[in-house]
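What follows is a set of structures to go through.
Next, two complexes with chain A in common: one pairs it with chain B, the other with chain C.
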Partner chain A sequence: MSTASSGFSLKEWVFTTDHKRIGILYLIGSIAAFTLAGLMALLIRIEQSSLGPTIVNPNTGGDQYNVWLYFHGAAMILGFLIPGLTGFAANYFLPLMIGAKDVAFPRINALSVWLFFGGIVLALLTFIVSDPPDVMWTGYPPYSIRTGGNTALYVFTVHLLGFASILGAVNFLVTVIYMRAPGMGWNQMNLFVWSTVTAFIIQLVFVPVLAAAVTMLLFDKYLGTHFFDPSAGGDVLLYQNLFWFYSHPAVYVILLPALGILFEIISTCTRNMVFNYKAAVYGGMWGIVLISGEVWVHHLYISGMPDWIRIGQMVSTLLISVPVGLLTISLFGTLYRGAIHFTVAMHYALGCLFLFLVGGLTGIPLAMTVLDVHLSETSFVHAHFHFIMGIFAAFTVFAAVYHWFPKMTGRLPGAAMGKLGFWLNIIGVHVTFYPLFWIGVKGMPRRYYDYQMFPEFEPFHKIATLGAFIVAAGMAVTILNWIISAISGEKSPENPWKSGSLEWTHCPSPPGPGNFPKDVTVTADWHPYTYGKN
Partner chain B sequence: MSALCRYLLFGLVTWTLFVGVPGAGWAEYFRQRESDLDQGLFRIDETRYLGVKLDTDVALIDQTGKALKLGDFVDKPLILVFSYYQCDGSCSAVNGEVIALLEKVIKTMRAGEDYRVLTLSFDKADTQETMAKFIAKLAMPPELKAGWTFARLADPERIKEVTEKVGFRFFWATQDKIFYHPNVAMVLTADGRVSRYMYLLVNSPLDMQVALMEARQGEIKPHEVINYAISLCYSYNYKEGRYTYNIPLFVGLGSFLFGIGMLLVSVFYYKIRRKPR
Partner chain C sequence: MSNHAAGHTHHWEFSWAPMVLTIGIVLVVPLTFVSWFVYKNPTLAAGFAGVGVPLLLVGISKWVAEGLSHKPLIEGVSPSALPIFIISEVFIFLGLFVSYWTMRLSAGGAWPPAGTPEHMNLALPVVMTIILVTSSVTYHVAEEKLDHGDLGGFRGWLFLSIILGLSFLGCTIYEYSHLLHEGFGPSTNAYSTAFFSITGFHASHVLVGLGVFLAVLIPALAGKTNKYFTFCAGMYWHFVDVVWFFVATQVYYW
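Here is the complex of A and B:
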């Protein structure tokens, strides 16, 4: 049944316009970024495992540590999470889910993956140039303008990755609007498709703001302009506003497709209709789109602003928990009375629900001004966003790879190694970040390589470092499992999880060029989640 | 002496009398006079003094002889002008400049209701009489009178303490018998902190309005929303001493609109392209 071309050709892969291959290229690039970002995280944790300089050069300790922080943050968010979810997952699965033969603009799609790899190469130059960027992933002035580090590399990396995602956004929005299978109504689309549409709308609207902000930063540093120089009429705080005006919605660019993946896996593995489908779409996902642009100021509570803005932003930040809550209710509701199949992907999905709860609940005190002023810039914030964004979203990417592994490779993923990797990962994450929550409340500042003023925190850092190594072992097992399974895994049946979604029911595994052997048409009573009726 | 020498000498004397002397006088008349004092001495170090809080317990006596405290002025934004009432130089001009700027602001903000003005003497020799004469020389419009107080310190020994607290320095020039001092109006927040120094000769009414709006620290009334939004379009330029356009804000807004434009164009372009010809 498969129509895939046989044999490997590097030229075909480099110049491909096939959305599935582009998706795989995104996966390879983003996993590479993730691996390097993970190594940086290990260096950071080793450094903090004892008081004083541990592995950094004592003379340039702060600068070296800043470079690690920069690469870890930029590679995780810009190189792994966003491309992993909106590049890999959307490219591979979205056209299949709507019954399309390809995306609307295949060549633009190819350009976007080239730009993505260009951005990854620029980010990798961090390890080669003599003046690597050391500006975190935020690039706040005046430090980013005064530093001897190479801020230009940061700016051009943002430009390339931002442009790649804009091209992707245009492409997928048009694809979903115009290329759905005949008969497929809006309310018959997979929730992953909906989540990608809403994420791309946010991305398309807000990315230009970040691009403009970092461009002005570049001009300030290298061309002598004063956009963010208060002594010459510039506004240094405005950079923070512009940055977070994009970067907080970027959290939802990550969150929405991640939740979309969870809906697909949980519904399939519980053999249950998605609970409250319309509320999840129109209340949850569209609610997030509407509110996402109004909550960025909570990142700046301690930067100085009128009280009424603080209170307004506190309300809108808390308000976004309503649509997020609707999505959470739908996810948990889908589990209710389901025939749960504990596949590896389902393990990750259930783990994600717990991570999401911890991350979401620890976000509430950070939204509230009175508590945020105390917790700002502490490791509590650090632990919170790792739960809600970093680890949660990374786990959904792993879940997606496990769930659609048979679709991409035609083979089943190794279940034993997969579950071992999962347990190492989930245990390691909790061992790493719970101590950081605790010492954050006690006042441990973020971004410090040394903490001589808090010697009592050293044991907590040691535990966190141990946790990081457990996670590293889990990640190694996971990636190794994928490689082994892709090469010598058991052949998979066409629809191993008995999914009702088009990519499983109407096209071979792996799909060939054109995706579907026959044109797909759906009827009015078709739905990807009609498990109870079958 | 040869004839040539005589002619040369005659020519030189004639040139000196008719061209050189008037020319030198002319040049001297138009020469840009350099001040004996370095104007930088009067420049207030804004990085050091912005945000400084005034001592609210300082006792004052106003133009009516009423005893007040500096703390009586800190429930709303305050424009504080240090002057001395026997000044025959810039003090009247400075106060006059504040009047001229505020007259343009009256339409949007009202003196006494939205802000206050306090002219405070830094001269120990000032009395109620010198104060009254000074006020009489100012053409104060009635709209401003209600919110404008002239005063001197009840305890003149505290003058240095009060002025130095906000970085205002002055010198008595024995030869000229005048005080040299900066021509500055300070805008203070409703809790008595310095939020802006206005070097008046370069400021426009808009600068004053934005400075007052900033001093209110976001406490705005519903009818002031537009003014508040306008104030966000400007940021203070410390080099020029005035407000200039907040260009990054416009760039950010433009790029946001560009994003929305791309969203609409990408959807509609494809729709148009798909239409059968």
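Here is the complex of A and C:
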């Protein structure tokens, strides 16, 4: 590795091994994926705004629509949420929060981010090849094997992003174990650090199983093997089991760092110690890690299974609300008697609490088998997971960008445009998804581009489409605000939100190479959330 | 990383190895596979592989060279990092084994399914086990030699380990060609599906292990070694060795 002098240098950016610059690269890549996936969402909404084919080609309508669904799902989850939270946020903030100069393996970190971009490039080939993948983000056989679409691109996208995640997991776990500032005990770590550790443990264990599953898909489709082919002794449900064995825990990979970000913002902006720190860490976060691996079967309620498994899965699925409840109590408890400062990030954080409530409560009927048999594959499910996983987690990424904007750029984010963007976003998502909850209960199926059999749903779809455009306007304002503020925003003081966390108290904004001007050590009475004292 | 890692660095650090390596990986694996198997375009596949393989080799060489010549930010943590990585390797093998067990147990008594050769060669896996265990021992001896400062002995025993690893792969090729000749290929039946996937995936790990050994041996010829890298190469090799016990017992002898 080489070193070079200060000043902007393209070479130092593209070949960087610095965790902060890698974090920024992750942010750029994941926002790009978000934007494209968001455009797909708009196409989907426009298509559904009227009965029959609206903008799809009536002859190939289904295939074309499937490609949009594929790209929207895969790019949002694998290209935006996971890299946005465990790539961007973890890279930029985690080493700063524990007082480290960098991660343990800076070059492996760089390898991770470029593998992530490799995955993005493969996903982008969707728009170039004549046979784009059309397998949702789930890739269920037998469709994914029989389709004329290019399932291989889907498989390799998962491989590259998965490999990037595993390398990230190894890197960050070692970093937290060995590179904390001298004196920093386990119970003195920021909750974002804990949440990243637990999320990476889940990635480490479960991503390989997804990699194995999609590899078998690849072999079945292109090498003629029979893993998922019942006619030759394979098992088609095997894929669904392996897929959700990863992809349900993947929800917690997104949830945990998202909650970690909320803890940082809410604690700082309410000037309160995090309520029930240890319960949040050991009960909430570790509880989720413990239970995450035994709830996946609830994705297969209607795929066929003995009733006794359904009951057991219902219990374990509902059980996950215990650790999640502990974390929620900690979040709300932190607000209690706080001196709340309504920064833009705090707007998003409070909005997230509301989204989390709606998304969480609509999850309970879906955990119940008796109700889920009716609601499964309807737009109720679609609206539920968009609230709890999609929008909630996306809002935490935006909150993180706003909260740490001064840290990353040395400038304050524009508050007026930020709040305008927030209100457009939160109003837009409610306008979009409340109608979908409602018609879902009435029987509107997911994933259909044409719903001629349900003409009564058309007005609801029109409202949902309107909502999607409100969100698009909100996101345009938000991203524009970031660009304007980064270029010409007001210069920020060193610690604009008066945080007690190391990344604000001990290093300049933006931090230079090596992060900290002086080596950081912390004392036994130091804690990132000691706000009660000031 | 910088030479004054112990103190403060005032420079942005960079390395082009990760990006070159990534481009190599993307060209060699996804793009070559897609060109060959999806678009049936051998010229395109050869083109991707032809550009990708040199990039891969250049990237790895640069990476190893940097690793041997620069002092890292924190030293000696790689022996703790590799076991964490191995956890995920264990789970990828588990995914394959679980699929095999599912197919096998749901087949009832009809196992092995039609199309499987009457007599699988069960002597060869014994030979392969002996080869692989021996190679783990020889690598251990190589490490001992290095600990005692005997660089020549280290090179010799490492070279022997590589030869043993290559003979293991030779056995695999011999076995595969015989089975394919008998009409037992990946697409024959459920057993062949699991057999070729699991043994093939294990063999690919042996290949990676040999690549790592080469990356240890070549600098060692110039007198450059790193005890953590050497240790990790061995740990990975022993892991691949342990996996083989599961492959042999589950796929051949059950």
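Observations on the model:
We adopt the following convention: the second predicted complex is superposed on the first by the 527 of 534 C-alpha atoms of A that agree within 3 Å, B and C clash if a C-alpha of one lies under 4 Å from a C-alpha of the other, contacts with A are read in each partner's own complex, and residues count from 1 in each chain.
Basically, contacts are C-beta pairs under 8 Å (C-beta built on N, C-alpha and C of every residue); 3 or more make two chains touch, one makes a residue touch a chain.
Keep in mind that what you see is a predicted model, and the values were worked out from it rather than measured.
In the three-chain model built by superposing on chain A, chain B clashes with chain C. In the superposed model, A:Ser292 makes contact with neither chain B nor chain C. With both structures placed on the common chain, the touch criterion links A:Val209 to chain B and to chain C.
Partner contacting the larger number of chain A residues, of chain B and chain C: C.
Contacts of A:Thr270 after superposition: neither chain B nor chain C is touched.
Once chain A of one complex is fitted onto chain A of the other, the partner contacts of A:Ala232 extend to both chain B and chain C.
In the superposed pair of complexes, A:Glu12 makes contact with chain C only, with no contact to chain B. Judged by the touch definition given at the top, the superposed model places A:Trp114 against chain C, while chain B stays out of reach. When both complexes are overlaid on chain A, the residue A:Leu160 reaches chain C alone and has no touch with chain B. Residue contacts after overlaying the shared chain place A:Asn190 against neither chain B nor chain C. Of the two partner chains placed around the shared chain by superposition, chain C is the only one that A:Asn150 touches, whereas chain B remains out of contact. The clash between chain B and chain C in the superposition falls on 235-243, which is one of the stretches 91-99, 109-117, 127-135 or 235-243.
In the superposition on chain A, the residues of chain A touched by chain B in one structure and by chain C in the other are 104, 166, 170, 173-174, 177-178, 204-209, 211-213, 216, 227, 232-235, 238, 242. Contact residues of chain A toward chain B in the complex are 104, 166, 170, 173-174, 177-178, 201, 204-209, 211-213, 216, 227-228, 230-235, 238-239, 241-242, 245, 305-309.
Against chain A, in their complex, chain C makes its touches with residues 1-2, 8-19, 21-23, 25-26, 29-30, 33-34, 37-38, 63, 66, 70, 72-74, 77-78, 80-81, 84-85, 87-92, 94-96, 98-99, 102-103, 106-107, 113, 185-187, 189-190, 192-193, 196-197.
Chain contact summary for the complex, chain B toward chain A: residues 217-219, 235-240, 243-249, 251-252, 254-256, 258-260, 262-263, 266-267, 270-271, 274.
Across the complex, chain A meets chain C through its residues 1-6, 9, 11-12, 14-18, 21, 101-102, 104-108, 110-111, 114-115, 117-118, 121-122, 131, 150, 152-153, 156, 159-160, 166-167, 169-171, 173-174, 177-179, 204-209, 211-213, 216, 218-219, 222-227, 232-235, 238, 242, 512-514, 517.
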